[in-house]
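Common to both upcoming complexes is subunit A, partnered first by subunit B, then by subunit C.
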Partner chain A sequence: MSLAKPAMRGLLGKRLRFHLPIAFALSLVAAAAFKYGVTEPRKQAYADFYKQYDATKEFNNMREAGIFQSVRPTGE
Partner chain B sequence: MCVAFHNKLGEFWPFPPDRAGVTESDERGTFRHLEIAPKNEPDLWRSTIFFLRSWLISFDFPMMSSKEARSLKMLHLTTGRVGCLLSKQVVVALTSSGARMSSHGHHEVSDSVDMSQPMYWDRLDTPLPDRPWKDVLDSTDKSLKQKEKGPWTALSKEEKIALYRLKFNHTYPEMKRPSHEWKTVIGGMFIFFGITGLVVFWQGHYVYPPQPHTFGEEWQAKQVQRMLDMQINPIEGFSAQWDYKNKQWK
Partner chain C sequence: MAHPSQLGFQDAASPVMEELLHFHDHALMIVLLISTLVLYIIVAMVSTKLTNKYILDSQEIEIVWTVLPAVILILIALPSLRILYLMDEINDPHLTIKAMGHQWYWSYEYTDYEDLGFDSYMVPTQDLVPGQFRLLETDHRMVVPVESPIRVLVSAEDVLHSWAVPSLGVKMDAVPGRLNQTAFIASRPGVFYGQCSEICGANHSFMPIVVEAVPLEHFEKWSTMMLEDA
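Moving on to the complex of A and B:
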């Protein structure tokens, strides 16, 4: 029974040549997925919210609800 | 403060022998009379460290009985490698009484291993033990070992396997054979989960103080209303889920 001599050298190099491109590709995919799945929609949501935002109106709503200590509702 | 005690077997034992106030002749000039632990009480710190070390050592040597693990030789052999600060106290105590040790002779328990001889082991991570499996060879084995000294191409397959079996007890696949231990482990885990569950339930009933008033239904409703009034996280969070026009959740 004579077996072939197993590979004695270059084992790490072989592993890296196989795994590193995959690792880089997957990392890029993960980053792209997060950017276009999370950050872009979030930026859009904030932009849409502040397009129609009236700060004074919201302040008066909050004042009437009675949450402030410095300005009480107009009735009191 | 080097204090060491020995039982009848000549093994290190942290419990002092029964000597009521007797100063032995080889103790003169030592600080024995200044020792803090009273003579007839075990040195609790040293005994705890001793038993803890032996228990941890026994993990490294799964074949060893707990008696072997507690023996002087094991402590000597392993503390050199690990150099743990706690066990240095024990080792200093042992080495200081080296002279006394040898006077006890070889009172070994029948099932203990002579750790001063080369050992055999079956380990996945250390493939070549200090000695071969079969030390005592009969005549056929001896003749085979003689044949081994020649060219190995002259050996048949069966002879090669026989030589392997002389040198090693288990092959790697035999060492790696699966066992039923996992069932015990999982079963034990669930048993302890169950016991913990009972303890937690009892605790919730008998130990916990009354809940804070802020946990009540009314208070929680008022809290939610206040959060909506303040417009907490109005873009993507809490208040974004509330429909302010129709006064309901989206």
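Moving on to the complex of A and C:
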């Protein structure tokens, strides 16, 4: 019983046909991971911050902490 | 201000800076996409002894690696141009301030109504009080009303300087003999730091910028007090 002739041509092409789709898929996964792990949470964080933001309250807190030069804490 | 070992941008304090942040995330996502693809291909090609010495051409792959980069460039260009035009919108400022660069301090002039002007020198390290930031604090801060469009006219009296406040998304070169215009809106009250961004001599690193955004009534009291002190 003789052995089957091994593949002797097209080996690089076969490797490329195997690896290139994986390369493209992996890069799309990396981009999607960055988009949904970093970009969207950051946009949401800014939206959430300003949704409940009370500028007057924050200003007064900062004023009492003494960080402003133009406005001193009440009582000073 | 930036904190030690910070890699990313400072928290945005103006709408333009928020847009710049989101655009940067978008561009970085595309960079990550391309880098992952290229790195995978490099590793795949370097880790084999297989070669093809007889490839002459391939129309299909040429089309792919021409069209795909063109599409990626368009995906970057469209948001980029959007922000560019957003930054140039006619914004009808409530206040105009002149920021003049000197060796080695900034001076600010509020001349819309009265003649208010003052110099802004860095606080030397030995004069800092606890809680202040080294090389960032100034004796007089540029005070602005919060949530108001502010126009800043930037120029210089001697050599090139650059007026920059990263958290407001502002940087404008100060060129002697030239008046450059930039604008910003401080979205929230606070204190925002920047540093001179164009080499201008021995003390280039020691002429910082501090912008203080406060509600309008406090800004008015401050400007009245500054005029009285002058």
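Heads up, the rule we're going with is that the second predicted complex is superposed on the first by the 64 of 76 C-alpha atoms of A that agree within 3 Å, B and C clash if a C-alpha of one lies under 4 Å from a C-alpha of the other, contacts with A are read in each partner's own complex, and residues count from 1 in each chain.
Here, a residue touches a chain if its C-beta (ideal position, glycine included) is under 8 Å from a C-beta of that chain, and two chains touch if they have at least 3 such contacts.
Values in this document were obtained by computation on a predicted structure and should not be read as measured data.
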Q. Between subunit B (first) and subunit C (second), which, if any, makes contact with A:I67: first, second, both or neither?
A. both
Q. If you stack the two complexes on chain A, which partner ends up touching A:A55: first (subunit B), second (subunit C), both, or neither?
A. second
Q.
Once chain A of both complexes is superposed, is A:R17 in touch with subunit B (first), subunit C (second), both, or neither?
A. neither
**Q.** Dominant toucher of subunit A (residue count), subunit B or subunit C
**A.** C
Q.
On the A-aligned overlay, A:L28 touches which partner chain: subunit B = first, subunit C = second, or both, or neither?
A. second
Q: Return first, second, both or neither, reflecting whether A:R42 touches subunit B, subunit C, both chains, or no partner chain.
A: both
Q | On subunit A, the residue positions that both subunit B and subunit C contact, one per complex | A | 42, 46, 58, 62, 66-67
(Q) Under the stated contact criterion, what part of subunit C meets subunit A in this complex? (A) 12, 18, 21-22, 25-26, 28-30, 32-34, 36-37, 40-41, 44, 48, 50-52, 131, 140-141, 143, 146-147, 187-191, 212, 214-215, 218-219, 221-222
Q: In the complex, go through subunit A and note every residue touching subunit C.
A: 11-13, 15, 19-20, 22-24, 26-28, 30-31, 34-35, 38-39, 42-43, 46, 50, 53, 55-56, 58-59, 62, 66-71
**Q.** Residue ranges of subunit A touching subunit B (in the complex, touch as defined)
**A.** 1, 42, 45-46, 49, 58, 61-62, 65-67
Q.
Show me the residue ranges of subunit B that touch subunit A in the complex, using the header's touch definition.
A. 157, 226, 229-231, 234-236
